[in-house]
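Across the two complexes that follow, chain A remains constant while its partner is chain B and subsequently chain C.
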Partner chain A sequence: MSNVTENTTAEQHMLKLFHANFEQISTLDTKPITALRQKAIDSISEHGFPNLETENWRYTNLEPLFLADYHIDFSNQSRPFDIEKIFTCDVYDLDTFSITLLNGWYVYKNAPLTTLGNGTIIGSLAKAMEVYPDLVNEYIGNATDINQPGLAALNTAFFQDGIFIYVPDGVEVEKPIQLINIINSPDPIMVHPRHLVIVGKKSKLTLVHCDHSLTHNISFTNSLTETFLAREANMEFYKIQNKGANSAVINNSFIKQKQDSNLISHTLVLNGGFTKNVINAELGEKNANTELNGLYLVDSNQHVDNQLFVDHASPECHSEQLYKGILDDEATAVFSGKIMVRKDAQKTLAYQNNKNILLTDEAKANTQPMLEIYADDVKCSHGATVGQLDPEAMFYLRTRGMCERTARQLLMYAFAAEVVRKITIDPLRERIDQMIEKRLKGELSICDQCVLHCNSKEPTVFNIDVSKL
Partner chain B sequence: MAEDKSNDILDEVTQSEYKYGFYTDIEMDQAPKGLTEDTIRFISAKKNEPEFMLEFRLKAFRHWKTLKEPRWAHVNYPPIDFQDIIYYSAPKKKPQYESLDEVDPELLETFEKLGIPLEEQKMLAGVAVDAVMDSVSVATTFREKLEEKGVIFMSFSEALQKHPELVKKHMGTVVPYTDNFYAALNSAVFSDGSFCYIPKGVRCPMELSTYFRINAANTGQFERTLIVAEEGSYVSYMEGCTAPMRDENQLHAAIVEIIAKKDAEVKYATVQNWWPGDKKGKGGVYNFVTKRGLCEGENSKISWTQVETGSAITWKYPSVILMGDNSIGEFYSVAVTNNYQQADTGTKMVHLGRNTRSTIISKGISAGKSNNSYRGLVKSSRRAENARNFSQCDSLLLGDQCGAHTFPYVEVGNRSTIVEHEATTSKISDDQLFYCLQRGIDMEAAIGLIVNGYAKEVLSKLPMEFAVEAQKLLSISLEGSVG
Partner chain C sequence: MLSIKDLSVSIHGKTILRDFNLEVNAGEIHAIMGPNGTGKSTLASVIAGRDLFDIDKGEILYMGKDLIEMEPEVRAREGIFLGFQYPVEIPGVSMANFLRTAINEKRKYHALEPLSGAEFLKLMEERKKLVDIHSKLTNRSVNEGFSGGEKKKNEIFQMAMLEPRLAILDETDSGLDIDALKVVANGVNKLRKPENATIVITHYQRLLEYIVPDFVHVLFDGRIVKSGGKELAIELEEKGYEWVRKEAGIEETL
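Take a look at the complex of A and B:
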């Protein structure tokens, strides 16, 4: 596989790759899916990939990512194997139904598709395309806007497998479903996992999505999750990212919500060389609620970009966004959150808040909280801050006899806690809580302490220099 | 019932016509339509400009040809044919008047209608007026008084003749011709404007004021203003605009450059009330302006205050580059849009020096089918230790057909900077109205009261003479008879 050179753009390169491997990519396709791929390819030819002139990408440069000579697995290379042998979740008492993707392909011990007692189907998307073509065709591609520069089109063109979850009407899935996305490859690898989550009427689902790398090799994950919430459906969506410095992750999340549905999303970026999380939530019917929370703790030269778009397409919906970040060393963070209130989406309530703490002069925070409003009977507000710890709060703690170091740690911990305490899965919250506390004390070595167990031989030690606080 | 009443008022508002819509018939000395190097040579020759000016224009023009029209703003308009514009038009009679009696009476009448304090009112208002009528300055008052202090306040063309070295030294240093599409266009074809120079340690004894006025149909107006405040000086500058009602869209691409040296302070106030187009969104002025101030020296201060009620499309971002340590930038804005007006306006505060501070207060009011956007950048560079910014951008929506948008950009590159941004969008609450009504204030007055209260924070920053006009404009553009 030749890489991007001076004469070939990344787009041309990927298009060439697509056409050369079309047979393999589309092996399991139904007709509508092949058509969808074609549309995506047309979109890439027309719009290209985002660059620094693309509004949503103005602070995130994609170009260097395409320079590596990536390998793509066009067929499932993973044999059925016992995932527990190479991976154990570090949240010991987290009781989940766990499923694993290795290099973008579904890893199964027994069956590629499992139907639980309550009718919930969990398994490989590739298999679901074969077994439940109607169900898949009805939903897939419906929440995703591929007609703009972005990597959603690229995923749509190249995806072959991923997770498929279907929760029938009236079912509450008791255990959280944990999706573990593992990259393990000696060569630079590019993966395009695609996930489809359908939650039926009055149903309930908790999904924990973990991105994880087993090696420190270069990788590029461009995943896309489409989520459909029917009436009165409830979903809680956790995204935990803890990847090596050479990994790049772009997560595209598209959510469509019906009347009275509720979505709570938590995005926790604890490590990752390059991370971009895109969440597009469409509140398509009245009284749908969305709550998007995020926390990012980044250091060295990590780059994290959270791009949110909440589309109030119907009246009486409610949305909240709270994203907080602590940036150390030369880390850069981008927050671009947009609330769109469509015409006639009256009685909308929408709030948005982004707070950043910079620990060094080299760290950079770019934030764009945006409102675009076309209805008058609305209450929308947003706020953004970049700064340091509140000197008054510091002073207060100091007057109580606390040493400066402890006071600082306490305030930082409290800063993060606002997001952490929103996590409703107790073991997960406690674990993350501990982790953050340790990390802020400079005691945390990410690879043996983190939520996601990592077998790296060279653990990176995460040092927040407390004297800089 | 209350709602019906408020709709009536809104209707009334929508129906209130532009009061300053008239057209003065004066013979024009025009350049042929279209833009080529010859047009630029024509303009330059007409104005008898020094050689460096022509070169500057030509460089700008050549650069402009390489640029594409920007489309990123949240506005929609049909493509502009830049070859279908007359780039130079001047009143034929050369404005070399000994006294006001010699001024073309028709012109004086125009000013009278605008209420410019040119003659009787000039003592009363205490305002020196450099009135610009379609590109060429026709009358300048209070010149002597200013000259005593060493203040230079004259038209740009005159400054080019009398003080070419000052112009050459400062022009294009804040807004280079490479800055953007419209800045390049302006640099190539600007016809006239104002030049203001405050020498070291001088506090300008009066408010300086310039009225811009677009007159001939089909004539783009390309003003250029340059204000230089030397060390320790102070000036308050006012710019106000009204335009006659014409059917064709008129393009206005101005440049304002301000340079504040050490300890200098410049206050720049604008009331903009150009023709916004009719109720169906036909016609109106396109206002694509580059305004930028440079706080070059330590402890300098630049403050922008604007009341924007006019123009079919407003596209401007008065900015401050805070280069000197401890310098201060301020931006206070009220932008009102009605009918089909579109405004994409805001500011840029670029913190480069230490301990620099900036404040942004922006109040948007949208009614009718208009769209009103705030777009702003607050940037703090690595060196800008202890920089501080506070931004507040509020939007008020009147009617369910309009849009209010906020696009702030915050870029922070050091740890000691504190940036706070907050914004709210809402309509006039029923509670507020109810409170006013039960105190016996009628609906019309109540809305007026609330809107005025909403904008007060900004209006109070205007020079007094202007504040009165600004309030009147708010009434005209929004409230009908409510005041």
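Take a look at the complex of A and C:
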């Protein structure tokens, strides 16, 4: 794949690539999926990719990402091997059912889908397209808006694999399902994983989505997750990103919620050269609840962008957004959160808060809270702050005998804790807690394997209060 | 113990303390009274080391050492404690964690071994009893969601844990009901030792019914305009600050 030249735009280049490889891309397609791809391609031709003039992209420049000479695997290159040899997630005591994608493809090529005792189906999307075409066709593409500039259309045109989770009605999936996205390629690589999650009535699912890079090579992940929550369904969704400086990740998440369903999402960005997380939650029936939490800790010249859109399309729904970030060095962060309250969405409760701490004069945070309300009986609020550590609090700690460094770390930790303590999986919360503490001390780096896989098997002791002080 | 001589302090060019003098010896309790905006809290902050202010002249000696050059944490480790008028909330950091960090930083400074977890817990229980604090505030995050009274009691508890030589209580009585006030006063009295000293900053005489001062100073316009014994506080209660202002010949500002 040749890179974008002076004479071709990124769009033209990707369209050309699509047409040249169409046969391979669509090998596993059902008819509706092929039709969906065509729509996506038409949308790219019409709307193009976002640029700095596109709404929600004013502070995130996509252009440089397309300059690399990326390779795309148009077929599953995974060979049977023991994934645990190159990767183990060792969040202490975290017991999950894990699925691993390597360079966007399910690591166990052609493996059958797994059906758990309770009827839950887990496995590769490519396989699901073959085995359960009707189920896939019914949902895929239905939550995604491809009619605007953005990378959702690009994912829709190019995706070939990803994960598929189907939880039937009335099933509580006990163990969290963990999706591990690994990028391991000697050459710059572009991947378009696509995930489809369907949670049935009164069912319950916890999904932990980890993005990792195993090498320091250049990669561009453009993933998309569609989630459908039926009536009274409950889902908790964790996204943990700890990637190398040369990794770019764009994550689009589209969620459709039915009556009385609940979603809690936690987006934790601990590292990453370029990260953009988009969450679109549609509260389509009454009394649906969504809670979106986020934490980003970035330094050097990392860039993180969180774009949220909560669509209150029905009455009596409740949404909360809490995103917090700590930015060091020349790091930049963008938060754009929009709450839309449609005409019929009376008795809506919608809250949004974004708080940023800048540790240097060079770090930058752009925050754009937006409320668009067409109903009259609603309670909505939004707030955003960009600031430094509270000097009053710093002074308070120092008058108790703590040195400036300890005081700063404690306050940053406290700032992050508001988000961290919302994590309900105990071992995960404890591990994230330790990682954040290490991160704030400047001790967390990308291990050659996984970030959650620190070199020591022993759990690190929380040691801001370290007795050795 | 504390010797402040001809101290002038300003912020953004505005003088707050002018030619201020105060001598505090071991075993004494000093009350500093005065209307709002006369520099009481500034005095407390300056002794504790807040860097918001410019020290224009004068000196502050503590145990014979120049305090002005010392970082706030060093002052704390040397035995100075400031009870805040508005204690800061630190969500996500438990009281135990916070105090253990503080105590062990102080111990390290004095070349002492850190307290083990068990020793620390024992000390905490003992001090809770000493100052009659039975609530579970030590299990919670620092001041988070505490009522006004709980915050002030928590300041006294921290004081009991850190065992300062010189404690400055900045308006610790403000916003307290009578029960909380008694807990605070009782704590201060129980922690009183011949080798320690306390400066109580207050607007009202009420607290001084429970913490009996050896000296009362009235602060006006950035300096002490009248000093006396505990009876001065009672006189002030009767006659009001206007009386001192006129007596000192200070023009009415505002």
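By definition in this document, the second predicted complex is superposed on the first by the 441 of 469 C-alpha atoms of A that agree within 3 Å, B and C clash if a C-alpha of one lies under 4 Å from a C-alpha of the other, contacts with A are read in each partner's own complex, and residues count from 1 in each chain.
Keep this in mind: a residue touches a chain if its C-beta (ideal position, glycine included) is under 8 Å from a C-beta of that chain, and two chains touch if they have at least 3 such contacts.
Computed from a predicted structure; not experimentally measured.
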Exercise. On chain A, do chain B and chain C fit together or clash when superposed?
Worked result: fit
Exercise. Of the two partner chains, chain B (first) and chain C (second), which one does A:230 touch, if any: first, second, both, or neither?
Worked result: neither
For this session: Could you look at A:361 and tell me whether it touches chain B, chain C, both or neither (first, second, both, neither)?
Result: first
Exercise. Of the two partner chains, chain B (first) and chain C (second), which one does A:404 touch, if any: first, second, both, or neither?
Worked result: second
Problem set entry | Which superposed partner A:218 touches (first chain B, second chain C, both, neither) | neither
Exercise. Taking the superposition as given, does A:65 touch the first partner, chain B, the second, chain C, both, or neither?
Worked result: neither
For this session: Look at A:373 in the shared chain and tell me whether it touches chain B only, chain C only, both, or neither; answer first, second, both or neither.
Result: first
For this session: Name the contact category of A:381: first (chain B only), second (chain C only), both, or neither.
Result: first
Exercise. Angle at chain A between chain B and chain C: what is it in degrees to the nearest 10, using CA centres?
Worked result: 70
For this session: With both complexes overlaid on chain A, what's the closest CA-to-CA approach of chain B to chain C, in Å?
Result: 12
Exercise. Can you list the residues of chain A that touch chain B in one structure and chain C in the other?
Worked result: 468
Seminar exercise, completed: chain A contacts chain C in the complex at 390-393, 395-404, 406-407, 410-411, 413-418, 420-421, 464-465, 467-469
For this session: Quick one: which bits of chain A touch chain B in the complex? Just the residue numbers, please.
Result: 55, 59, 343-344, 346, 356, 358-388, 468
Problem set entry | Residues of chain C defined as touching chain A within the complex | 48-50, 52, 71-73, 75-77, 80-82, 84, 86-88, 90-93, 97-106, 108-109, 114-117, 141, 158, 162
Seminar exercise, completed: chain B contacts chain A in the complex at 72, 74, 382, 395, 397-427
